[in-house]
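In the two complexes that follow, subunit A is the common piece, with subunit B as its partner first and subunit C second.
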Partner chain A sequence: MNLLEVKDITKQYKNFTLDHISFSIPAGYIMGYIGQNGAGKTTTLNIITQLIHAASGTVSIDGLSLDEDPIAYRDKIGYIGDSSYYPEELTLRQIKGILKDFYPSFQPEVFDQYQKKWNLPDQKKIKEFSRGMKVKLMFASVLSRDTRLLVLDEATNGLDPVMRKEILTLLQEYISDGKRSVLFSTHILEDLEQIADYIFFIEKGKKVLCDSKDELLESYLLVKGGPEDLTEPLKHSLIGLEVNSFGFEALLSSRDTIVPSKGLLTARPSIDQILLHMILERKR
Partner chain B sequence: MKIIISNQSELPIYAQIKEQIKEQILNGQLADGTVLPSIRGLAKELSVSVITTSRAYSDLEAEGFIATAQGRGSIVLSRNNDILREQYLKRIEEGLNTAIRTAGLIDLPREELHTMVDMLWKTQ
Partner chain C sequence: MRKLQFMKIDILRAGGNKWLFLLFPLLAGFILLYEKEAQPLFAVLYSMFGAIIFSSTPFCLERRSNCGFLGMLPAKNGEQIAGHYLFSLLLTIYDLTAALLVITVSRIFRPISFPDTTLFLLIVGFVLLVIGIQNMVLSLVPAESSTNMLTLIRMVPGFAFYYCALSLANAVKKNPSFFSDIMKLITLPNCIIFFAVSLLLFFVLMEVSCRAAARRDAA
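Up next is the complex of A and B:
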C-alpha cells in the first residue's frame, strides 16, 4: 500500500512553475527527493506538509487527504526543515507545552526520553541552541508523536558526520516496522544516498525520473577515456559528455549495445555522478 | 554472520551482501537451519536501503541457498544438494578461465599450463 500519494500537483510563481508532479512512496520505504537549488524540492515538500497550497492536484497520507480531516492529516506528518521553526525566545519546556496542545498524538514521556538521551537543556532559550541541538529538538518533537510520514527538507545540512550517522539510524528505525515512510530532500546526497530506496529527480519544476535507487545505479556506467577514445559512434551514445584537455567523462546506458573500446575506464557511477551528467545532457 | 560493504567494489551493494552470505553458507560458517536477520533488520544494521537487502535475499532464494517463509524469516538450506555442487563447479570454471586468459596474454603453451596445474595440485 502507498503511504504517500502525490497526484498531479502544480504551483505557479512569477519565475517558477511546479509542473504536474506525481509520485508515491509505499509504506516502509525511504525516498530521496533531489535536484539542484531552486528545482522545486521545497515547494513540493511544502505542499505535502500543507505549509502552502497547491494550485491543483491532491496529496494523501495513509489514505487520508487534507480536506477529509486537516487535524488528523497534519498529525500524520513529522516535518524537519533546514532551520529550526521554533520561536527563538522560547525554552524547550515551553515548546513541549505547545506540542502537547497542538498534536493529539504527542506523548510527553517519549519526548522526555529523547531530551535525556540527547542532553537537551530544559530552560535554555532556543536561540542559544547549537545547530545540532536544534535538529535534535526537531527530531525529538516529531518522534514523540504517532506520525506516518517524516518529511525532511535539507535536514542534514551543516551537521557533523556523527550526527548525520545518528540521523540515518533514526530514519531506518522509523521505517523498520514497515508501516511508515520517509521523504527527504537534499542537493548533497552523500550518506543519505545509502539508505534511500527510491530516488525522485526534479529539475526546473519538472520530473526527470523516479525509480528505485538500485535500478538507477544499474542503468548507467561511468565511462572515462583519453581524447583519442572519443569516436563519433561512441560520442553519439554518451550521456552528459564532459570534455577536458586530457580526456572525457560521461555516462553510458547499460542497455546500450556499443562496446567500449579497450582504453576506456568504466566504473559504477554514484547517484551524484548520474545526476550531474543528466543535467549536462539536458543543457546541450 | 559477517558482512562488509565496500563503496569501491565493482559489485553493486546487493550483490556484495549476496556473495558474502553465499560464501559463508558454502564454507559452513552459516549452517543449514540458521535463521538469517530480517530484511529490514539487516538494512538497518548495514545502513543500506531495504530494497537492496530484499534483492540480496530474493536472489539467494532463487539460487536455492535460503528459504523464506512468511512471518518466520529466512533460513539457510541444507548444503547437501546439487545446486551447491553446481555452484562450486561454476567457480572452478571461472578460476580456470582466468588462468587460461592470463596464459594467453604471454602465449604460454597449453601443456605448460597443464604442468603448472599438476604441480600446484601436488603441493596443495
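Up next is the complex of A and C:
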C-alpha cells in the first residue's frame, strides 16, 4: 500500500510553476527528492505538509487527505527543516508542553529519552541552542509521536559526519516496521545513496525521473575518455556530455547498444554524477 | 479547546514582555500619586491605551505562515487567529485589573474614588471594539508586510483612542450643557447593553477573521 500519494499537484508563482507533480511512496521505504536550488523541492514538501496549498491536485497520507480530517492528517506528518522552526523565545520544556497539548499521539516519556540521550537542556531558550541541538530537538519531537510520514527538507545540511550518520541510522530504524515512510530532500546525495529506495528528480518544477535507486544506478554507465575517443556515433549516444581539454565525461544508457571502445574508461556512476549529467543534458 | 491552547502559546511567547505589559498601569499609578489633579478614570484610560498597543503582540511575533511548527500543529485553519484574539482579551483584563489595583493603592495615599461603573463599562466596550477591528486588520494584512506598516497598525488605534477619549472628556467638562442630551443616554443599563454588544462584536470579528484566514490559507 502507498503511504504517500501525490497526484498531479500544481502551484503557480510569479516566476515559477510546479507542474503536475505525481509520485507515491510505499510504506516502509525512503524516497530521495532531489533537484537544483529553486527546482521546486521545498514547494512540493510545503504542499505535502500543508504549509502552502496546491492550486490543483491531491495529497493523501495513509489514505487520508487534509480535507477529510485536517487534525489526523497533520498528526501523521513529522517535518524536519533545514533550520529550526520553533519559536526561538521558548524553552524545550515549553515546546514539550505544546506538543503534549496538540498531538494526541505524543509520548512524553519517549521525548524524555531522546532529550536525555542527546543532552538537550530543559530551561535554555531555543535561540541559545546550537544547530546540532536544534536538529536533535526537531527529531526528538517527531520521533516521540506516532507519525506515518517523515518529511526532511535539507535536514542534514551543515551537520558533522557523526551526527549525519546518527540521523541516517534513525531514519532506517523509523521505517523498519514497514508502516512508515520518509521523503528526504537533500543536496548531500551521498546520504541518499546510503539509505534511499527511490529517487525523484525535479527540475524547473517538472518531473525528470522517478525510479528505484538500484534501477537508476544500473541504468547508466559513466564513460570517460580522451578527445580522440569521442567519435560521432558515440557522441549521439552520450548523455550530458562534458568536454574539457583532457577529454570527456558522460553517461551512457545501459540499454544502449553502443559498445564502448577499449580506450574508454567505464564505471558505475554515483547519483551525484547521474544528476549532474542529466542537468547538462537538459541544458543542451 | 485548541483556541485556548493557541492562546497559551501566545502567553508563553509573550512571557518575556509581561513587565512591559504593566508599563502603562504603573505609569498611571505614579501620575495618580504625584499629580493631584489626576482622576482615577485616567488610570483606566492609560492602561487601556497600553492594552490596545500590546494586545496585538502575537500577530506580529510570527508573520510568515510557512514558519513550520505553529503552522503544522494539528488544528483547523483559523484557530491560531482565534488564539490571538483570546490573548488580546486576556491582556485587556490583565491591564484592567492592574489599573484597578493601582487605583486601590492610590486610595491609601489620596482621597479618590473608583471610576464610575457606567464610564468604566463604556471605555472597556470601546476598547474591545478597537482591539477587535485592529486584530481583524492585522489578520488580513499580507504576511510579508513591512515592520513599519505593522507598527503603524498597532500604534494608531491606541493613540487615536487615547486622544479622542481625553478630548471628549475635556469637551464635556468645558461645555456640559452641549452634551447634556448625550449624557442622559449614559445610564448604567445602557452601558451594560453597550458593553455586552461590544463583547459580542469582538467575538463576531474573531469569527470573521478566522474564516477569512482559513479561506486565504486555502487559496
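Points to keep in mind about this one:
As a working rule, the second predicted complex is superposed on the first by the 284 of 284 C-alpha atoms of A that agree within 3 Å, B and C clash if a C-alpha of one lies under 4 Å from a C-alpha of the other, contacts with A are read in each partner's own complex, and residues count from 1 in each chain.
Quick note on the criterion: contacts are C-beta pairs under 8 Å (C-beta built on N, C-alpha and C of every residue); 3 or more make two chains touch, one makes a residue touch a chain.
This structure is a prediction, so every number in the text was calculated from the model and none was measured.
Once the two complexes are laid over each other on the shared chain, residue contacts for A:29 go to subunit B alone; subunit C is not touched.
By the document's definition of touching, of the two partners only subunit B reaches A:173; subunit C does not. In the superposition on chain A, no contact is made by A:12 with either subunit B or subunit C.
When the shared chain is aligned, no partner comes close enough to touch A:231: not subunit B, not subunit C.
Once chain A of one complex is fitted onto chain A of the other, the partner contacts of A:268 are limited to subunit B, with no touch recorded for subunit C.
After overlaying the two complexes on the shared chain, residue contacts for A:70 are found with subunit C alone; subunit B is out of touch.
The touching residues of subunit B, counted against subunit A in their complex, run 10, 12-14, 40-41, 43-44, 47-52, 55.
The residues of subunit A lying in touch with subunit C in their complex are 46, 49-53, 70-75, 77, 79, 81, 85-87, 89-90, 94, 97-98, 101-104.
By the touch criterion given at the top, residues 2, 5, 8-9, 12-13, 15-16, 61-62, 65-77, 217-219 of subunit C touch subunit A in their complex. Of all residues in subunit A, only 28-30, 165, 168-169, 172-173, 175-176, 178, 191, 194-198, 212-214, 217-218, 268 touch subunit B in the complex they form.
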